[in-house]
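Two complexes follow with chain A in common, the first pairing it with chain B and the second with chain C.
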Partner chain A sequence: MSGLFQLIGAGARSMGAAQLAQATVGNNAANASTPGYSRRRVNLVEAPSVKLAGGVFGTGVSAASVVRLRSAFIDSQRRADSQELNYSQAQSRLLDQLDSLLGPTGDNGLGNALNGLFGAFGDLASHPEDAAARQALVGQGQGFADAVRQTRDRLDRMESDAFDTIGIRVAEVNSTAQRLAEINRQTLAGSPDPSLQDEQDRLVDRLGELIGVRATTRSDGTVQVVVDGTGLQLVDGAQTTALSVTGTPTGGTVSLTVGGTTLVNPRGEIGGLAHMRNSSVDGLPAAINTLDSFASGVIAAVNRVHASGSGLTLAQSVTGSVSVANPAATLNSAGLWMTPTSGTLNIGVFDASGNFVSSGSVAVDPSTMSLNSLATAIGALPNTSASVVGGRLVISATNPANRIAFGPDSSDSLVALGVNGFFTGTDAASIQVSSTLQATPDLIAAARANFNASGIGAGDNRNAIALAALGTTRFLAGGTQTPDEALGAFGADIGTWARSASTRTSTQQALLDAADAQLQQESGVNLDEELADMVKYQHAYEASAKYISTVNSMIDSLMGIL
Partner chain B sequence: MSASASLAEVLDREADLYEDLLRLLHEEEAALIAGNTRAVGDCLARTETLVLQLRLLENSRETLVTQITGRRKARLAEVPETAAGSLGRARARLETTLPTVDVMNRRVTALLQRALRLFDTTLDLIRDAAGLNHQYTAAGALTRGAHSVIDGRA
Partner chain C sequence: MRVTQTLLSDRAMAALRESLGRMAKTQNQLGTGRRINTPSDDPAGHSTATRLTARVATLDQYDRQAAAAQAPLTATNDLLDTLGSLSARAQELAVAGANGGLGAGERAGMATEVNQILEEVVGTGNTSEHGRYLLGGQDTRTAPLNVTRNVNGDITGVTWNPRGVDGTIDATVSDGVTVQTNVGGTAVMGADTDPTFLPTLLIQLRDALTTNNQAGVSAVIDQFQTVTARLSGAQSLVGSQLQTLDRTAAANDTARTAAKAALSAIVDADVAKVAVDLSQQEAIYQAALHAASQAIQPSLLEFLK
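After this line comes the complex of A and B, so read on.
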């Protein structure tokens, strides 16, 4: 009798299988546009045959399982391409900003300001006694300093934004990992669910985009995720290990750790941002270092010339703009932004009418001389006094009616200590036109004092000519580049980085598109194909429904003999 | 057991199954009206089972009628009644049940045909939206095929 029941159940089994298949087709069609949805198929298997008196009878088909059509190989390839694309895109976005700021295609605000500065030095050389030319120089100098500082500020903000974005993405990695662990837990608790498996894939894809991962699906259906290129587990079953970021918004380096172990070369968007945040070769620190070097070089060169010159009027007392923390330390170990060299510093004293009073020189040895001893040596010069106030060197004429003038300084002590400089500050973040010169443009040193009876000649423009000549002098990059060339090389470097990142992004995009196409072929929903399946199952449905008409004929037959 | 008694038993079982079928048809009617395709599918599967069982009983009945009367298509009235009158009772049950089943079966058939027409229409819509009406451009992109236009009318 059991054979008979099996035979009777054949139709019912087949109908159930056909219905499940039809529902699956409908689900595929409905999710044709759902991102991450994997096409599903019902595995139909032949039900066991039964032996009856009349022979062996088939018992139809039954649905063994609903499976997702997904290739682990293509998934893995796609994730690798996706994480590299996100790595390149993160860099490319920042480099495009840098390029628009400093690159050859940018607005060249810095270059224009630089040209304005040296043009104004040229104007001063032409009209050394013209107050308007002096005022214009102050304006152009401040314009240049502002442009440098603003550029540096933009770079600092880019560093800060990159740091903030890394923090946000790290939080997303951790929440995504926790969600994946939760799905692993659900998977362990029940039978494999295609929807949960799709969600697993979507979450692993996202982790790959964010940090670069490799995923392994275990036989129990759970997914283990490790950071690509490391053995560090983010997700293992229902357990997660947190990704952490340490560092400061600007300056220093950003470090990423998983369970206390530092990631060396993370990929994905976070890796790209971290590279930009940390790299001193083609990242933001490289741009900041180059800008700082450029600014420091210009400050040093301009101040070196300016410090040895004299203005239309002279000051009774001059205070350096650079302070040292320990005035007793030797100059080469005092932490100065540039170290003085062994050389001679010349200082003269003039009366209020510009008549020469006296002069003297100090031999500077930065390896033995401290700021305090330098002040003492200067104070020993005739009619001159010197002191250290708040870590800064103050040089004055002993007689309050007299004035101080500076001559050649082969030791660079005046530049290092910020004495009689055109600029104050030491790098791109701090560059300013001296507030003293802003208040009194007549102090701008267009002339050079003669430490003899001839004093300061009327219309002397020797120092202004020297300042203007800096615009075409190769004093940057070890004496190989003019300021304009240095800015051009800086912009070209950034343009190269940006183009390189853009090319990498395009290549990765093409690879990802190819992987996506393969994935779509494997897992995507083809509506034409689904339609064909639907028709097939419709026919099965109709065939089964014909049992209804069979009932009619049987009733007719029975009624006929009653 | 005599052949007539066996026939009465077969007719009794047929009457049982037709009563089951009647209940099932009521369920199916409700499911069709509610549009519950899962329930309809379940009813169809159970109908299929009942039909198979009825077909087996029909074969048994025809064999017994042939054995008793010598003719396969003989009317039941020609079969001698059993001593217990079970054949008449079974016939009476069938005469009561079958017309009701017949009416119900036709109603469900009508509803089912209408559901299948809806199914066909839905498939047509999908075909139109995503299937055969799509064409590929020279560049390989999939595009919606345009309807033929004659004298400005589709």
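After this line comes the complex of A and C, so read on.
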């Protein structure tokens, strides 16, 4: 009699096990496309046997546990691929912006502006007396300066965007790490839970995408996370260490620290952004340096020619556009954007009708002369006075009715101090057409003053020809590149960086796809399998129910005898 | 290998994404007609294209400069022609005036004509073209010839602008080729201190004719040889500059055609090839779409009743 009731118990236990298995199948099918979900299986074990008079008999089946099918090895491989993908993707995104900034050839803003500038110098050489040619040159010069400054501005903005994004991602790393520590705490408190384990994996994956990590699962079920390539712990059990970022939005370097230790070569999206932000080889600083040296090279070359020329009219007083912090320091140690050399500077004085008055020259030695002593030496020339006002050199004709003209300057001090220049400014961020020339285009130096009775001819175009000739002169990159060649090389650099970053990205994407496929093979849900299982467990359940009803009718039969 | 539905749809999506990306690139090439749209499309090609674009711009600029140089040179050529015929007429008058059979009245009539020629010579010498005095050297905004007149308004003396009239104005018309777009005043008429300075000579002739001084008139005749030689020297200078302009214009054209052809070869898309590529990629894309829909559709669900 007790044997028969035991049989009902076994049937009921088996029905319960089939029900649990069915619940797991249903959950798997429902989560087939849930990211980070690992398929689960119910471990079915035979229920403990009982020893009866006739021997040992089974008592049905029971569900021992629910386990996730997941491989830690595939996970760590996949994370390594994912952090590298995010690293090169972050670079690729910025470089693509840079790439399209330079845009198609021909419509290239910088290139067109450059051709326009030297074309306008050529037109000035054709029509030195013509006000329209001078006005057009001011416009083209300003167009070139604007294009250079806008490009530089875009680069600066990309730097600050990268910096902002790093900040946002660092905050995300820290909140993700805290969430992971919280789950570790829950894991310590309770029994193994497949959905908590999935959540742990998801959070570690995200940390890997952001900064590149390695994770170890402890025997107690908690996860310890260190920054890849270092021993610096982000999460250990319920403890977290904050990742922090230091730097300025533009310029300087951005550094990332964990618990006071600087990360040398971080990976993931943050690492990729930090590389772009810091690298002077293929990052934004490299592009900014190249653009700056292009701009300062053009400023120096154009101003060098312009400074020694004369306009249709002359000014009574000329002020340098470059200021010196300490006018008493020698010129080669005063921190000028370009250092003057030893040489001779010629200055002449004309009257208001253009008749020659006097001239003189100053021998400049930048290792012994300061701005103050240069001003004194210029002031000693006949009919000339000079002073230093606010760190800038001011040269005037002593008689207010007279005018100042400049002759050859082998010392480059006029260029270095920004005196009588076409451009003001010293780099891509500050380049402008001199505001004096914008206001009075007649001051643009198309001519060269003769320091004798011939004076200055309105039709003299010698200086304008020399300015136009710069367009085809190799004066950049140590005298190896014309301005258009320098722009071409700039484009080629950026194009090469963008190309190699996008190649790296697609390679990493392929690797990650392969790792994803492996993960899917291990942990993905196959609906056909689940449907087959569903049918299987349905039948098991039905069989157990049938068994119970059979045993029940046996009991009925037994009862009928009584 | 265990295959899941997610894997299938992920792979199908990846294939579609890649195929669509290639099509976008090809379509962009077809739309813009360019093979290189950003530097990364071909870094070296982009750099070469930047240089070639600048080269074409430089050659265009040379053309503009040559056109600008053409105007004053042509005007100077006309000016020299005028001076030539004026001095030839004056020389004829001098030869006629030296004829012993003439009377004072006839010589006075000739003097009036010579005076007229003198006025024309001075006027021609002060010709300006678009506001630039042609014979003024670099001082193009000051009339090169200064005139002194007596109470009757007759010219008694002519001098050059004391600042000088011999400054040259050059124009760059090709790589390393410059032309002189003006002729110095003294090269045309001589220095104002020179006895063969054309206005001085004409004043001398007029005064000799006015005073019926036959010997004085004869003395002038030979001086005209120097005048003529100087004028033809100036004319050949201007002529050779105009020839240089023609020659470099042709050379610049050739260079520009070559640069544009090279630029087009680097930058322009081969439209026929790109169109064929595009239709191929479309076919591949459609095949991938079809395959994806076939692979994703079936599941056991449809067969379980």
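Keep this in mind: the second predicted complex is superposed on the first by the 532 of 562 C-alpha atoms of A that agree within 3 Å, B and C clash if a C-alpha of one lies under 4 Å from a C-alpha of the other, contacts with A are read in each partner's own complex, and residues count from 1 in each chain.
To be clear about the criterion, contacts are C-beta pairs under 8 Å (C-beta built on N, C-alpha and C of every residue); 3 or more make two chains touch, one makes a residue touch a chain.
Please read these numbers as outputs of a predicted model, since none were measured by experiment.
Which of chain B and chain C touches more residues of chain A: that partner is C. In the superposition on chain A, contact of A:T550 is made with chain B only, not with chain C. Residue contacts after overlaying the shared chain place A:Q224 against neither chain B nor chain C.
Within the superposed three-chain model, A:G459 lies in touch with chain C and out of touch with chain B [touch as defined at top]. In the superposition on chain A, A:G122 makes contact with chain C only, while chain B stays out of contact range.
Within the superposed three-chain model, A:A498 lies in touch with chain C and out of touch with chain B [touch as defined at top]. Touching of chain A by both chain B and chain C, each in its own complex, is seen for residues 32, 527-528, 531, 535. Remark: chain A residues 32-33, 95-96, 99-100, 102-106, 108, 111, 114-115, 118-119, 122-123, 125-127, 129, 447, 453-455, 457-462, 465, 468-469, 471-472, 482-485, 487-489, 491-496, 498-499, 502, 513, 516-517, 520-522, 524-528, 531-532, 535 touch chain C in the complex. Considering their complex, residues 1-7, 10-11, 14, 32, 34, 36-44, 46-51, 53-55, 57-58, 60-62, 64-65, 68-69, 131-132, 136-142, 162-164, 167, 169-172, 175, 178, 182, 267, 299-301, 304 of chain C touch chain A.
The touching residues of chain B, counted against chain A in their complex, run 14, 18, 21, 37-38, 41, 44-49, 51-56, 58, 65, 73-76, 91, 94-95, 98-99, 101-102, 105-106, 108-109, 112, 116, 119-120, 123, 126-127, 130-132, 134. Contact residues on chain A toward chain B in their complex (touch as defined above): 4, 7-9, 11-12, 15-16, 19, 29, 32, 527-528, 531, 534-535, 538, 541-542, 544-545, 547-552, 554-555, 557-559, 561-562.
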